[in-house]
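There's a structure below that I have some questions on.
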Amino acid sequence: MKGKNMDVQKLLEWLKKYDLTELTIKDGGYQVTLKREGQPAAFPHQSLPGIDEAVAAADGTCEPVASAAEPEDAPDKPELHEVKAPLVGTFYRAPAPDAAPFIEEGDRVEVNDKLCIVEAMKIMNEIESPVRGIVREICARNGATVEFGQVLFRIEEPS
Amino acid sequence: MKGKNMDVQKLLEWLKKYDLTELTIKDGGYQVTLKREGQPAAFPHQSLPGIDEAVAAADGTCEPVASAAEPEDAPDKPELHEVKAPLVGTFYRAPAPDAAPFIEEGDRVEVNDKLCIVEAMKIMNEIESPVRGIVREICARNGATVEFGQVLFRIEEPS
Amino acid sequence: MIRKLLVANRGEIAVRVIRAARELGIQTVGVFSEADRDALFVRYADQSVCIGPPPLSDSYLFYQNILAAAQSTGADAIHPGYGFLAENASFAEACRALDLTFIGPAPQAIRKMGDKATAKRLMKEAGVPTVPGSEGVLGSLAEARTLAAEIGYPVVIKATAGGGGRGMRIVGDGGELENAFHAAVNEAQQAFGDSGVYLEKFIQDPKHIEIQVLGDKHGQVVHLFERDCSIQRRYQKLLEEAPSPVLTEATRAAMGEIAVTAARSVRYDSAGTIEFIYDGRSRQFFFIEMNTRIQVEHPVTEMITGVDLLQWQIRVAAGERLPLRQEEIVRRGHAIECRINAEDPQKGFLPQTGTLSQYIVPGGPGVRVDSGVYPGYAIPPFYDSLLAKLVVWGETRKDAVLRLQRALDEFIIEGVATTIPFHQRIVRHPEFHRGAYTTDFIRRITAEEVANAC
Amino acid sequence: MIRKLLVANRGEIAVRVIRAARELGIQTVGVFSEADRDALFVRYADQSVCIGPPPLSDSYLFYQNILAAAQSTGADAIHPGYGFLAENASFAEACRALDLTFIGPAPQAIRKMGDKATAKRLMKEAGVPTVPGSEGVLGSLAEARTLAAEIGYPVVIKATAGGGGRGMRIVGDGGELENAFHAAVNEAQQAFGDSGVYLEKFIQDPKHIEIQVLGDKHGQVVHLFERDCSIQRRYQKLLEEAPSPVLTEATRAAMGEIAVTAARSVRYDSAGTIEFIYDGRSRQFFFIEMNTRIQVEHPVTEMITGVDLLQWQIRVAAGERLPLRQEEIVRRGHAIECRINAEDPQKGFLPQTGTLSQYIVPGGPGVRVDSGVYPGYAIPPFYDSLLAKLVVWGETRKDAVLRLQRALDEFIIEGVATTIPFHQRIVRHPEFHRGAYTTDFIRRITAEEVANAC
């Protein structure tokens, strides 16, 4: 394997870019194992030989195309928890067209409070808050398509 | 004109790259004048507007493809004068096939001493030394094609 | 007609589908995994949606997000490309259930042709020649002798439980049969603990030749001649050409007719390919399988017929009739395709990843490049290694070969090793020039090289 | 046959010549000025020689170094491309004197066609229609009336000393002639101090239509149909297509025959073009000039005929006979070429220099790119602004136009402004779609834009 084609630096970048928590590469027999947020995914056909072993962990973020202009980790802001879309679908802020939104910016939320609905395949998927805190930003428009990994909310956790 | 397309830096690089001694650009009427080692060359059809005026001088070198591997300005060498091919042709070290070469490496030469012949269009063009000094390097092979600007000799001038 | 088409694939085929759609005035939606955010097809699609993390099972094979992307973007059709979901009848049905036009054949045709045994049985019933042989285990030497005489020598006897050549005997004539039968039975018993053997015709100088077919929803089916795909490395095609340099016009016409018969028998209503194995000695051909999708090598057919297969595939899926009758489909000249993979031929064709620090594609007359990458692109390590397809056309095969040599020499890729040097060797090989190369050509020239190196 | 060909040109045409030579098995020598050391053609040539500093007069127009480069590299032929030395009879003779095959017509043909007055006289003698009009200054109103009746209205009266529209009158019918004649004479006298005027046919809805011809050294001449080059900006062609959307088959055939007659009359033995002005109202056409070289827009002809014009040009120069008779040259479909220049359409088409920070060329079916640049290339400020020619083919003109739109949208060039956005406007303009556009199309749509901006 050529060092310039796939070095450890590169692997670390991929780890970070795709939120991988674990990556194992072996040369003999060409095995690759990737783990991501607890879900194992094996690629038996993929071969990346040349590095005897590389195990690393990183915690990166996924930034969707649609929100490229949004500020991220601005120095004057406290650390915000990003709630991302776990599936592709249509984003709804309220349980029904004529109902009030689940939350507004500035609202306090507890863990498992409902934040929104992402409709996919005629199924209304309720998205719950994974943290306790104050909703600082609602990042998607009501009725808009959200893609996988898109940031939907930014929540300020109590420090 | 977009600054990124043609800025002064770029012009200075061109000056250096093509051994230009002068370059004038005017916006109104799109005039460009380039001068190179005393020979004027005008490009009336070329228009490079946007920079009001730029006059600069530089002394660059022309490095032929064929001699890319040759050492140039090596720090441990004295300053050498490069004699370049003024035309395209066949390089001959001697006045006739059975004659002795005009010069050998290590020879002393005076100004106007004959160094070699470049044959082009059946005409034998004698190349004379522009300087006095010791021939340190003969850079072309007898019988080889030399291209315009190719370094033929390196001569060490007395300091 | 279709207004907005979602492309459920990646790489060069996603770009190819987008091109066809745009030329038909159809809007396009790209779907991409997180590893493909910078891919060329994402750049070229009118709109695109991230559908999951890099693993295929979570993105390009994950129905739900793909179908949700189609629904939420208002797409009314889905093109599956090749691979991935292209020959997945359940996915095709899921599209139908959501009123999305699946750009491919009806699910029943995918199902019938997807199972090899079913496909072979159906083809036999339809009168399509398949490799002749015993239906199951041979009962006796006498049965073997009768069958072999019927099929014609040479034949091959193989262990039903076998593999790797054990329990296998090639039989040249009737005199060799008895010894070969007993040897095969004994060897099978020893190797697999099962003495069962079967017999079939032994294909000499085998070539992989396939016929492109196209059907519509109104019962019309046409063929668009053959492609010779015998240049393969471990069943991966590396170079394809049309027409095949070995077919006679009579055989070509017969194969075309048989392919149309095969497609008609499953009421095929899309672009598809009937694969045959061709015996270079006897000039017979036998059905192997049908691919119910557009294929990687479809451009060689487009180059000799002037027909845009992707556009036709989309138009017939939308219910249009085939615009041309069989006799209106004419071919001119010769086309060859090379698959330019990010693989290092010096290291057993190991897939390469890296950044394309330079990428200069060949151009000029008779050269077509279908590429999914661009200068500066970083190849993700998660997917296949196909970077580009280089396709050339020439008035004659000789013209095409010379043009291919020139185009390969012009193709400059820096940053990763590619198959270009290997293709340069193939196209300068005398056996390739003669055109009668067989499916073991790559194996043999690779072995030659190893032998020469020793 | 030729063994080694020196290419006395630069940019995309040098690359084009190298491609043709390589496909013919001919070695190539590139010659380059110091400003072109990094050019693509230098990279693609088998061998290359620096022939001088950037100014044209010291490099690409400097015979001595070019001929010396040919001799010292052992080249036996020189291809001049277009422009530069392509229509220089003295250079062609200098090549002959050194036993170098000049890839172009015999010097006498270059000389005869190079002088406009001589060319027009010769063509009249050969029976080729030229724009009818008075031989010199009109003697009287009566003479004007006789001539105008003979030619047919409308006619135009112009000052012989004139220019810029002064002393010019368009005359629609005989009733207008007297007033127009006197007005033109008076205006000419006032403006230029010379009352001389002449009269010629006024061309309505003018189109620039040219016929590609090809002759060999054995007296054969064929034509390869027409190209419509009416989309011009200040006499610079921006887009060319074949066939012309307005010609009837009868007119096409007549133009082809006349072009062959014209070429034969000067014993033309290479690739060349007969330019006509075409009257969109009367459907008459008139000889304007002959270009005795391969032209920038030759690919559109290659795309519809499948003929490699560069290869033929080289082969006939080497003494080969034309391989095809007139009736064997068939056309299929429609081709359009866009010249992608490094010019900013937003700033009066100012030439741009800079580095191509990104360069993604379109691909897929029916797309050909002839380019002289590559990603990361720095455009030198010394030469013309042509970066690439984008050529598309489609079965119909509509298919070709849709394909061209798609290909233009795919062409990504960063680092310099280009004419791509302007071409995108042209190909979406209703008048272009109709196809009856005339030589003032660009001037008019540019004026429209200025008017809309006010």
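Chains: A, B, C and D, in written order; residue numbering restarts at 1 for each.
We take it that contacts are C-beta pairs under 8 Å (C-beta built on N, C-alpha and C of every residue); 3 or more make two chains touch, one makes a residue touch a chain.
The model shown is predicted, which means the values in this text are computed figures rather than measured ones.
The chains touching chain A as well as chain C do not exist; no chain touches both. If you average the CA atoms of chain A and of chain B, the two centres end up 60 Å from each other. Averaged Cα coordinates give chain B a centre that lies 57 Å from the centre of chain C.
Distance between chain centres (mean CA atoms), chain C to chain D: 44 Å. Multi-chain contact residues of chain B, defined as those touching 2 or more other chains: none present.
Those residues of chain C in touch with two or more other chains do not exist in this structure. Taken as a contact graph, with one node per protein chain and an edge wherever two chains touch, the assembly forms an open path, each chain linked only to its neighbours along a line. Which chains touch which is summed up as A-C, B-D, C-D.
Remark: chain C residues 34-35, 37, 48-55, 57-59, 64-69, 71-73, 98, 344, 347, 350-354, 380-382, 415-417 touch chain A in the complex. Within the complex formed with chain D, the residues of chain B that make contact are 1-2, 4-6, 10, 14, 17-19, 32, 34, 36, 39, 41, 43, 46-49, 62, 64-65, 87-90, 119-121, 145, 147-150. Listing the residues of chain C that touch chain D in their complex gives 15-16, 19, 22-25, 40, 43-44, 299, 302, 306, 308, 310, 332-333, 358-361, 363-371, 374-376, 395, 399, 402-403, 405-406, 409-410, 412.
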